[in-house]
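Per-chain numbering from 1; labels A, B, C, D, E, F, G and H assigned in written order.
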């Protein structure tokens, strides 16, 4: 939709021929239609922010290279690729300026040197084995322009570790609590703070954790208020939501 | 803790005898210790806001009357009682100025006539049968001072109902999506808006919904970003979290 | 059963010695007994249509070659092999005229150059990662003589993608809705159209999708009418059923 | 939308100001907006057919009476109320001409004396205890104008009962297979016939049937082609879908 | 087995005619055979301690009265009846000297006035609604001669409540941690103390707690050492095990 | 226990010094104690029959060779090794006279040339992919001396295949019904015959079969009498039980 | 089918016009068609034995009376009604000579005074609370003419109770092991005896028994050979199968 | 915290400036803060005993070498590494004096030559395939200074094996019962002994054991008293808890 078309649309709205809602919907959809390249898989439909996201799982190196190439050509910065396999990451690194975070399975192509870091998002985790999910969350939030504090290995079985880190928790605007096994971290943090807590169950563990089910159920049943839950291992989703909350403007 | 004690504590902090974190913790805990009445069951540990909440399920009428009486004596307004049985509600109504919302199983004792309604929280639901959960969420948010818009019966099987209500959705600061059965509402809304969406699965349905499990799994697997989930039927938790998000101040 | 035998059977029916039902059953079973080669595994007992189907999973290359050889010898066209491994497919391709659809794990041996394409079957999918299941469904329907329209990557988190494709949906005679994760696509399409919708849950996803369970439950609980469900990842079954429905004759 | 408005819309389409898809959507939604009575809960959004459906579960007698009254006033015939409680049914019977089918928990208000019965839908069931679900399916199909044949108590543990009823099965255009316990009926019928089979698992049984889960899984895993499944106990959905299939026109 | 028989047995052992193991088994079984009254249902086979236990669930008042009568006749004290219905309890109270603990559904018949209270068992719970299970555990431990400290309503969402009760926890010899919902209490306590922690999940909660499953899985996955789990709501089992541990003698 | 010891034991019984039950137990246990070689893992405690069984899963080639060697040395015939890996089987074949059934993962060492085949056991299966489990059952029954008839690929979706094999089914003394997917075979056979039917669910299938759960639940819920179920894929157990039943003597 | 018809059929067989299998099937089905009274619900298709069985669950008193009346008129003895409600039982008792076993929810109408009791079936149970299921099994076996020994309350937590009853176990021809909770009884018995063991899981228990699931899984995983499982609480099925096995004739 | 600091703290306590509880907490936490090396992952927060534990799963060889190196440098003995991969174990063995127990996946670095073995812990298992879990439990208990008796392959299907080992069971102070499949071992042992029994379900088995779920549920439902359960395959946790119990001092 070029300027002329957009003008035409708004004129119709003014004349009452098109409702404001329909116009809104049309404008919102526009960017997609512009691309005209069916193979681009926009990460779970995100089009609100300043960044581009590619969900790497199940994509071949060729597909990823194609999509990234197109985005770079369009002058995009901070292109985030999640769940990327090492071989794809190395291919991307060779051809484009790229930060590759191996542990998090994330690439950031054309990293923005002037990226901001505002507000305060805390990523807390119960153990060191949850770190891949944690970093997916933390890097997502960073790329989206949030100041991020990492509090790793502060699980509830050693409460002192959590209690000696009260300050960042108490001043956070959004907290991501990542935990596998019994998932109690979200409840304990939720009882200590006044800001939204996003709980991320992880599939880390063995036996009766049933692939993350134990942590998931535990977090859903949290008796602390202000806690909500995303899918097992969904670090990206938590980072994205934390960014949304952290960057909220005040009510005017 | 009276003023003198508080001064003493802060002096210790100044002298380095007590860490700021410990002092913070002590101050935070204080209100509880003051009450000195073990039987008061603070609703899942909420002490941040201006209201008092009582979780009515599993409490006798006598217990509820006792707790309410104590709170009224303390001059509390907007005392919210959730999941209250009709007979308890009637007893409360007789003795105290009370709004009783039968459908939502909620009483508001000593309702605050000057209560504010700021920002914009939307409660959307898939069907009319989810209304008890919806109203628990909506009333909780209202008592906490939020402006609430209800969009009921806008399930995805009749998309037009949702699409003809885009305006309140697009201007909301937080949306609560309540749905049983297939729980798709959260994903569809999440794909349309830019604010946090709190998904509440309900146990409404029959057959393979397995007490809300179908909606829960569906919502956790939402491919829209910005969606997180609370426990099945947990209208209160959603209303509380929506209030937290809606009333966030901007980053200074 | 040769002509003489068949005549004998019908004579018996005429004389009342054999009931019409028994005769029907005998005639229906006949083709099988004729083959006289126990190793042929007819794809889930299909013998109604003009094509032959081989379920490739768990069969060795030798077994597949043997069955195909026999069928080719019998002059069969459009022999469909589903869930075939690449090595088996390559062996088949070497020896017989074969279309190999790698993504769908399907081979079509002796493709029929005059195959028809009647009516209208739509295969719609939520994301690009469901494409293997989609293509299994679409190719099955094509080989069975149906005109197939593919609408891929029209998931509910980006509703505009679906809404800008209303025309093929509204004119379809049968729609196959393929989706993993939250599986909401079937409900949304079911609410828009007037024809049968066959929902295919896929095992695509991670975390709380539990191998397709989330999409399965979601689809079973669809609140739209006209929606029914086949097994997780069962593209063939959906394509077969869609063909049955699409090719129904009118009531005389 | 009156004629003038409709003309205006179509003129816009002609001029290219509104796309055909948008117009289609507007026209499709229209009937709903006309009603202007928010409390009417259209049964899972069905608006395609000639009948009106009310889902009675969870509705008070007053709510049902109100909705029915409005529909009768509009001159509607064959108003189907499903899952209605006896007391509500009696109230409806008193005030309106009503057929009450107690076993099926169904009322048909203003039954149409000239209702057609075309094509052939068979409802088959494994045991007598599934009869409530069967009758919900059968009556739904009848009200929608289909000729319905009932084959009850033809479960697979007594195969002869099924085999002595081959004729109606073999000439049906759509078959609804209702079964609890091990749910094998759908597979056996699916292997005998050439038309679509709609499987309805029921919650009838005890022990390891887990509220219908055993029949549900069994039916989803059917190795017969042409079988698809609806939710546990969802007789209405099966009847509705069977009607859709039975009344399909031939490809022109 | 009277003295003479016992002598005979031991003589056989001395002569090598009977192995020590067989003799041990015979001696161990003896008390049972003496009773000679088949209807007595010894509480899950306990015969080690000084008390008698009757599992009241599923027993009629008559059956309970019969068993108690027999035991009283035998001069038993501290006869513990668990899971007793009120009407049975009242019947027992009328005829025998009985302490009836209504909340815990427990009767203690012929309470021992000189009962000891040694060592230290703590019963801690997450919320007031778990109190029935807590009291079943606590009373069981008391009747078995243990000193019991109750720490109720110290759930992890309000950590200060737990931390201000560190002293009894740190000096306990065995701790029973009772919690429903997310069940995190066991992990937090397990991380603070050095003695065995017996976790009791409760069925208290709603939604995704699935009858105690969430707490059960959470507790089994505890990352604190020294924690083990008993069945959902099994207060008796926990009290019994805690007694066993608390009363262990030192290694000589 | 040599003859002298056995005599001594029986003398004690005669004198009343040892009860017949104890003597029975001692005699029954004897064979085990004789072996005096801890590493021999008797297949699930079987010691009743004339054969020896080794459960090969999880055993190294060395362990298997050791156990077999010992048994051969003892002059054993028809040593059955189940779930053996190919490499172990080849090692066994090299050193001992062995029948290796690759499909069934079974070795028979020192096959008995004069082995009997009495009575009639039928092994029926739904599809060709269940053949490994079928053969485990069939070979087990054969080695145990039963006459075995195989009816493979007679699944219920093609009923004619089953009905044209009624004769062996109707004359069997025990039938093993092996089926994956929907597991309906056991019910259909159970309804046709008068002898015990042992149902073996298999893990064959995909999607909602959940590793054999669908067939398992289906079989447990069979509405045919005379049907019982063993563990998923437990061909050995079914063969063993069928042998027990087939070889029962008549009541004298 | 009267004699003339039967002769006609057999003549056809002789002439080769009808296969022996078809004739067999026709003869087997005949008894059913004779009855000509659609409402009779033959208990899960049993027609082999000398008795008649009515499954009482879900039947009204009127339905039961009707069916029983018809059977009595036909001169039937030992009519077994399972899962009958007390009010129906009392109605039956009033009108017909009836043994009513309240605990087992069973009526035996027209009890046969000359009923046999051959062979040996043992019904063993873990606890007294499983008695309803036990008695359903035991009475079914008795009515079918088997000698039945009851060994109740011999659960594995008090092994001596089982070991002091070895004699009846060791001489049984079929054993029914009934157990709820952990269901270990079947394994322990299976390891002691040489005859088939039919395991019946019961829904007795609480907490993590999940309606009998724990016992069911435990029994399916039994490492003893000769054990098979029927549905949860299915005493009738176990009694019927035990009778089949107990009354097997020897191989001629 | 050096002496001076500790003195200061205690002085504050004396003066009432700091509560004893706070001081206790500070002292308890101290050791951790001393280490000052974030990468050290203390095995589930254990700091009570004389040994160091490293959870090897998910750690690289480099990470393990780094942590071990640091501990060795600190003069630690009996450093236990659980769930270590062979390649990491070999690297550790090369550089440090190490006992490597391959079957148990355990390394003991700097084994203490004067390590004690007090009291009596029995590790009993149902089959030889559970040995890895058994040895993890047994070695953990040994390193912690307990005398350990192993009773392997004493499953309940061969009761005599268990009964001929009564002596060590009856004199144990704590018993670890390890079992997969039906998990009945814990119940049987629990019914024989008077000391705490720690049940460890294992994931060993196939079919309906569902990764250890069958044994887990069976053990949780044990009707023997004194039995509690740890996570599936959690040998370490069982060994640790058994040590805690075995080494309890008597009540003074």
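What to note about this one:
The rule we apply is simple: a contact is a pair of C-beta atoms (placed from the backbone, for glycine too) under 8 Å apart; a residue touches a chain by one contact, two chains touch by 3 or more.
Just so we're clear, the structure is a prediction, and the values are computed from it rather than from any experiment.
By residue number, the contact pairs of B-E overlap by more than half with those of exactly one pair in G-H, D-F or E-G, and this pair is E-G.
Distance between chain centres (mean CA atoms), chain B to chain D: 39 Å.
Centroids of chain B and chain C (each the mean of its C-alpha atoms) stand 48 Å apart.
In chain E, 25, 28, 44-45, 127, 155, 157-158, 164, 191-192, 207-210, 213, 216, 220-225, 231-232 are the positions where the chain touches two or more neighbouring chains simultaneously. Pairs of chains that satisfy the touch definition comprise A-B, A-C, A-D, A-E, A-H, B-C, B-D, B-E, B-H, C-D, C-F, C-G, D-F, D-G, E-F, E-G, E-H, F-G, F-H, G-H.
On the chain G side of its complex with chain D, the touching residues are 25, 28-29, 32-33, 38-39, 41-42, 44-45, 57-58, 201, 203, 211-213, 216, 231-234. Interface residues of chain F facing chain E in the complex, by the touch rule stated above, are 12, 17-18, 22. Taken in their complex, chain G has these residues touching chain F: 20-21, 24-25, 28, 43-46, 48, 118-119, 163-164, 166-167, 170, 173, 191-192, 194-196, 198, 216, 220-232, 237, 240-241, 244-251. By the touch criterion given at the top, residues 127-129, 153, 155, 157-158, 160-161, 164, 204, 206-210 of chain F touch chain C in their complex. Remark: chain H residues 126-127, 155-159, 180-184, 187-188, 190-192, 205, 207-210, 213-215, 217-225 touch chain G in the complex.
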